[in-house]
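Read through the structures below before going on.
The following pair of complexes shares a single chain, subunit A, combined with subunit B in the former and subunit C in the latter.
Showing the complex of A and B:
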């Protein structure tokens, strides 16, 4: 009975790991960038399956909430915001030489990480008297919010930095765009301002047509 | 204790969701009329107008802030969710810690809400800039003697 369970676990791991690798490859290599973002989201939710296999429900839930929900939305927004490189002169294609170099590098990285995983002393790393944090929400929240609460506050400060940085980048971008253009017909206004000038503008001529 | 086994209902639901979507797509494929596909049929629908250029354009960068705010609230929720799942939240120290945590992030949100209107390119500022440049040009012309 025990052996069947171990075998079952190994089969689960192999299935999830191969799905994750296939989805990650698709996310990198798909020609349409929107589909690539979609495959990234799927990959993130299957990584949550690996955390479930390791019996860590909180990390699995956090993975789905933050990666599948948040980071995927961020990537999709970034795809919407950047100018379309596909079918333009910005698009570059992988030459066979680049492909070979990439294959060699990825093989080296795979070998290195696989060797490290085999050599690493997993059983000596964790003290045997450590409480089973992963399955016990009560213990885990005590561990996070009392002993390591300073790291939670640091995380809050990092989030604050990201908000302030986003606003600062937008203000810099606006300052760059806010210059008058000396065009063909004299001085022109900047492109596409927000139309909050409805009260200042003269009444349009469309009214008289009726 | 096999946690993965406990989540089998979730997997069944996921499979049901996939089957549902694929089934609906297949049903609509069966039910819809299959007429000859030409460029007018396959063109994207823009209220009867001729589509001009690609449908996917670059949106203004300003909208990125909304996503960043979403991710920030998402991470905050994940931290608080762990605490909400335990009775440990009732102790006084933890209440203060949570208050500091939430206030830091909410301060950031308030800052973003306050500053966001300033990051949009406003017509008022553009108009001021335009008038200033025009006045400068006019004074330059007067100084140089007419033309």
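Showing the complex of A and C:
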């Protein structure tokens, strides 16, 4: 009876892993970039299945929320915001020579690390003192929010920094147009009034840049 | 029970695929997708090693929470940099000859 369960688990793993690899390959190689982004989203949700097999349900939920919900949506946004990015006839694909070199190098990376995975004496079972699956989320939240709250704070800081950085980079050329004046309280800056009116009247070619 | 090496092999296949995509592709969006696939492979390896370690601790899962939020942050930044690149050079193809300094087309 135990053996059947183990076999079933292994079949489950092999099915999910092969789907993940096929979807990752399609996400890289599909000629239409919108489909590539969609396949990436599907791949991320199947990786969440791998996390469920590893008995880490919170990580699986986070994977679906961030990768499938957030990052693949960001990639689709990037495709939609960049004009002509969806047109695959305009895209130049890699030459066969470059493709061969890339295949060789990535094959070396895979062989090296695969050899490490097979040769090194890894553990065969889960940790013996692992808590049951029902308690996993409760214990993880206790662990995360008590003495290890620094992880949450670092994550919050990184997200805040990236938001501020993204907005700053996008608005940088507008900031370059500001001229500094010496006001009453030190250096202030005002916008050039004429240029803003001129940009409003001109029909902008780029879609959704602002 | 699934041996740990299976998870590691899956993660290394994903890392190799992502590295292939990052090296071969010329479109910036595809390079970003390759980087994300590499990140997914690293996540699988981290969670698997932390779950299979001889004494259980939540450090691996806490680290993964950090890694996933960093991945979201760097994707947002990469998208903004792609938009800037497109605004400056009119393309997201890395193979087109460009100059890095200030030129007339900026």
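Simple rule for what comes next: the second predicted complex is superposed on the first by the 149 of 210 C-alpha atoms of A that agree within 3 Å, B and C clash if a C-alpha of one lies under 4 Å from a C-alpha of the other, contacts with A are read in each partner's own complex, and residues count from 1 in each chain.
As a convention for this text, contacts are C-beta pairs under 8 Å (C-beta built on N, C-alpha and C of every residue); 3 or more make two chains touch, one makes a residue touch a chain.
Worth saying up front: this structure is predicted, and the values here are computed from it rather than measured.
Shared-chain residue A:58: touches subunit B and subunit C both. Using the contact criterion defined above for the overlaid structures, shared-chain residue A:159 touches subunit B and also reaches subunit C. Once the two complexes are laid over each other on the shared chain, residue contacts for A:105 go to subunit C alone; subunit B is not touched. In the superposed pair of complexes, A:38 makes contact with neither subunit B nor subunit C.
In the superposed model, more residues of subunit A are touched by C than by the other of subunit B and subunit C.
In the superposition on chain A, A:127 makes contact with subunit C only, not with subunit B. Of the two partner chains, subunit C is the only one touched by A:113; subunit B is not.
Applying the stated contact rule after C-alpha superposition, one finds that A:146 touches subunit B and leaves subunit C untouched. Once the two complexes are laid over each other on the shared chain, residue contacts for A:66 go to subunit B and to subunit C alike. Note: residues 9, 53, 55, 58, 62, 66, 70-71, 74, 77-78, 81-83, 140, 144, 152, 155, 159, 162-163, 166, 169-170, 173 of subunit A belong to the subunit B contact set and to the subunit C contact set alike, using the contact criterion stated above. Residues of subunit C touching subunit A in their complex: 1-10, 12-21, 23-27, 29-30, 32-34, 36-37, 40, 43-44, 47-48, 51-56, 58, 61-66, 68-77, 79-84, 86-87, 92-93, 95. Within the complex, the subunit A residues that touch subunit C are 6, 9-10, 13, 17, 20-21, 24-25, 27-28, 33, 36-37, 40, 43-44, 47, 50-51, 53-56, 58-59, 62-63, 66-67, 70-71, 74-75, 77-79, 81-83, 85, 91-94, 98-99, 101-103, 105-107, 109-110, 113-114, 116-118, 122-131, 139-140, 143-144, 148, 151-152, 154-155, 158-159, 161-163, 165-166, 169-170, 172-173, 206, 209. Subunit B meets subunit A in the complex at residues 1-4, 7, 54, 56-72, 74-79, 81-83, 85-89, 93-94, 97-98, 100-101, 104-105, 107-109, 111-112, 115-116, 118-127, 129-130, 132-134, 137. For subunit A in complex with subunit B, the touching residues are 5, 9, 12, 49, 52-53, 55, 57-58, 61-62, 65-66, 69-71, 73-74, 77-78, 80-84, 135, 137-138, 140-142, 144-146, 149, 152-153, 155-157, 159-160, 162-164, 166-167, 169-171, 173-174, 177-180, 186-190, 192-197, 200.
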